[in-house]
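Next come the structures, one after another.
The following pair of complexes shares a single chain, subunit A, combined with subunit B in the former and subunit C in the latter.
Take a look at the complex of A and B:
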């Protein structure tokens, strides 16, 4: 009884010893020398593999930073503190970089946008875009099936009442959502700008109003209230905040936007009542 | 002359409920003159025509109101005599918005197309005839809306030896081509003969599905005088698809990515042929067409001759309105037509049918994962693998989908029709085609 037990332990133990030696030998023999610097840089990078930098992933960027002299600020999603750490490790000057955030330039949630049809197809914005553009009547607004939310590697986009809203404290500005939106509604803007005109419709103002209660009707009230060119009308009729010289967020109150398209990032995210009509309700 | 049976049987295909009994026995009626027509400018594939008239201008019926915007484009003509109204917008068939010009009728309906009849056309120059087809504003009236004169201008390195007239009308419910072939038999045949003269071919076939025996009989009776052969085709959707029709009639298969002219064929719809005849023999441009107004909710389903620019609302009024609330309005047939989100759409040159469906007839399904039963593969007339390709598209692997010939999909809907998992396969393919086309365009730029 006891001998069979010992035999089993010995046999398995010897096999284990031999294999262990073999592994140790091959590990030494075929060792690929990894640059410890690259390893360290990869550790200091966020590790999200979002691809926002244009490289295949964080390891690829780390290799490029160490061996090809790419600036560490190429990483679009790195926080200021992490960038400082990384620059200190590399011994280069940390470039001051403005934090960017994605903004969905549409305020047409389900309760505000008119419906034209019952959509019964694939619940994906880009699929809906080839089949009449989903259920909402506006041909320029958010389709609302969450393409961008699924594409975001950080979970910064939430679908709220059929509208994509960005949580800027989570958003790292990688720009993945910008490329997937079939309506081209998302842009990266400096995160310090907290007020925007949330409408991208290039329709005639009256037609916009017909399909959405939160549409910008290009009335120009905000442009006049600001009076310093910090709010600009663009060629296609949409109105945009000048992100290089933004107005104070109090403009959302003082401008008296009749539809509420001009609103702060906070109210847009919360989908709070914005227009005078909605507030009365 | 003995009639050749159809030569070949295309792969796959389905037998949907045909619904043609609602309207195929009713003689087409000419719609009365309306007070106002809304003529959309961009009805064709290719460049949009450019408007040449201004508000307040007086126009005659058939007068040119827009110039072609390029070679692959057609002019537009006033549907009746009257005054040019505002330039407005109407919803397009595919969910887009189209610019449209109002023509306010003066009630006189006077012709003034400025096109003289070319008689006898048998002696006319081919170029003159082709130019007339272009001037007549004629586009593929089966639904594709491709300018007819472009199809009749094959590049010199391609030899065309066969003209096939498409009278299959395989879409369920639609009876417009059926009534047209019965009532304007001579016009279709003469138009086909003119098209054949332009192409310089003497092999002309007219393919008609066997569910239209009266049309086949009428055509057979008159066809000999024009040297045209009638080919009765078995009833199977999509028998009227261009490549399937060519295969059925001639036994020639168009290679992937190819065009009918690669196998020496040109296909024209029966309605297009009648329009070609009207433009050449009468000097009348394309301003009206046969359109079925049908579906179970319609009080008096039937086929009508509508002017281009007739609002669908008016068309339904003519058909007696609806007897129950319809759930869906489709322009075209139920398989390949477009569901509409607005009643403001108008009859255009390629509106073959206005179809209403009730809630019972239009299923709303939840789709589920592919169960790999292979039914889509067995019905695909292009011999693709719809199920696996749809999964590739879901994974956004467009390169793999392209490698599996998703670009050959003609969106006939046979796979979606039979799918027991109710997968929206065609929508996946349409998305893949749109994305692949965008990738190709981007590649070309760089």
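Take a look at the complex of A and C:
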């Protein structure tokens, strides 16, 4: 009996010993040296793995920065201080880069946009866009099922009253939402621009008014009120702020936009459902 | 060995006694990495790879060392009762060594399977296959070649179940599910129905 135990202990012990030596041997013999510089760069990157740089993740970008000479400013979400740190480590000049933020160019929340149908399909903007465009009547506006909010790796997009709004202090400008929106409503703009015309409809102005109470009707009031070409009408009839030379945010009040399409980023973000009473007025 | 015996081993391991859906082994990766088809593919590839190699090594060990009667100082001992202990140690170290070798010699394969390999070191499906090999034929164990084929077929069965389940879960993502059932609850219900569907294969082998 005791021999059995002894033999078992010996056999298991010897097998363990052999395997341990084998692992130690292979680990030493076939060791792949990881570049310590790549490791360090990866640590200095934000580690969000958002893919905004076009690489598969932070580790992939770190590899590209060290081995292929890609500029560290390819990272879209890195803060200015961290970029300075990283550039100092790599010994390259830090590139000045303006912070970008995503903006949803639509103000058609549920209580402002007219409804054309009850949508019961898959609750995803891309599916809804294929199947007749969801419940809202406007063929250009936010569908409101939040595929951008789900795509955002930072949770910067909130669905308020059936409209996607961006919180710029959380947004890091990676551009994931831009590619995912089936209506191409989201664009990256400099974060310093705080006033926009929140409408992307390319319909005739009267048709826009019919489907949304917050639509830009291309009346030109804001263009005249500004008078310096800082607000421009585009080819397809939509009005846009010139992001390179933006007007002051006070224009939102002084222009007297009849529909409220021209508004500050703050009011757009704070959008509230209109009570039914107010709508009847 | 007659040719229909091989068929019995393969079809039995893939469909009739599917390692996940009928033996309820390897449930952790089955639920854990089945959210996306892409990761499920990588995982099933890695499991098949490890199962084949570990089945071969454990069968070799069992045949030559553990199930044999060894005579020490006049007493005959049979060490087959230590098989679990030996198998788990062997499998875990084997996976470690394979990982190191893959990283050195085949970086592309390492990138495809690499992150899944450490997850499989103590996967119960792998240990289960080794134990099923050892326990076959009333504890005498399967032959070494049969064991390897059985391990490979078990891996394929695991992959089949995982891929089917991943496809189902990807579709579940987009369907409207009552709130209490969302997430793991509906996944488990689905897994149960899938297992019931696989019971139909039980009639294939008498």
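By definition in this document, the second predicted complex is superposed on the first by the 245 of 281 C-alpha atoms of A that agree within 3 Å, B and C clash if a C-alpha of one lies under 4 Å from a C-alpha of the other, contacts with A are read in each partner's own complex, and residues count from 1 in each chain.
Keep in mind that, in the parts below, a contact is a pair of C-beta atoms (placed from the backbone, for glycine too) under 8 Å apart; a residue touches a chain by one contact, two chains touch by 3 or more.
Keep in mind that this is a model prediction, so the values were computed, not measured.
*Asks:* So, does A:160 touch the first partner subunit B, the second partner subunit C, both, or neither?
*Replies:* Once the two structures are laid over each other on A, A:160 reaches no partner at all.
*Asks:* Hey, is it subunit B or subunit C that touches more of subunit A?
*Replies:* When the residues of subunit A touched by each partner are counted, C comes out ahead.
*Asks:* Quick one: classify A:11 as touching subunit B (first), subunit C (second), both or neither.
*Replies:* A:11 sits against subunit C, while subunit B stays out of touch.
*Asks:* Between subunit B (first) and subunit C (second), which, if any, makes contact with A:139: first, second, both or neither?
*Replies:* In the superposition, A:139 contacts subunit B only.
*Asks:* Which holds for A:127: it touches subunit B only (first), subunit C only (second), both, or neither?
*Replies:* In the superposition, A:127 contacts both subunit B and subunit C.
*Asks:* For A:74, select first, second, both or neither according to whether it touches subunit B, subunit C, the two together, or no partner.
*Replies:* Neither: A:74 stays clear of subunit B and subunit C.
*Asks:* In the overlaid three-chain picture, which partner chain does A:117 touch, first (subunit B) or second (subunit C), both, or neither?
*Replies:* In the superposition, A:117 touches subunit B alone.
*Asks:* Let me check the overlay on chain A: which residues of subunit A are in contact with subunit B and also with subunit C?
*Replies:* Overlap of subunit B and subunit C footprints on subunit A: residues 122, 127.
*Asks:* Quick one: which bits of subunit A touch subunit C in the complex? Just the residue numbers, please.
*Replies:* Listed in rising order, the residues are 3-4, 7-8, 11-12, 15-16, 19-20, 22-23, 26-27, 30-32, 122-124, 127.
*Asks:* Under the touch definition given earlier, write down the residues of subunit A that touch subunit B in their complex.
*Replies:* Subunit A reaches subunit B through residues 116-118, 120-122, 126-127, 129-133, 137, 139.
*Asks:* Can you tell me which positions in subunit C touch subunit A when the two form their complex?
*Replies:* 61, 65, 70, 72-73, 75, 77-79, 81-82, 85-86, 89-90, 93, 96-97, 100-101, 103-105, 174-176
*Asks:* Which residues of subunit B touch subunit A in the complex?
*Replies:* Residues 94-97, 338-339, 341-342, 364-365, 367, 424, 427-428, 430-431, 434-435 of subunit B touch subunit A in their complex.
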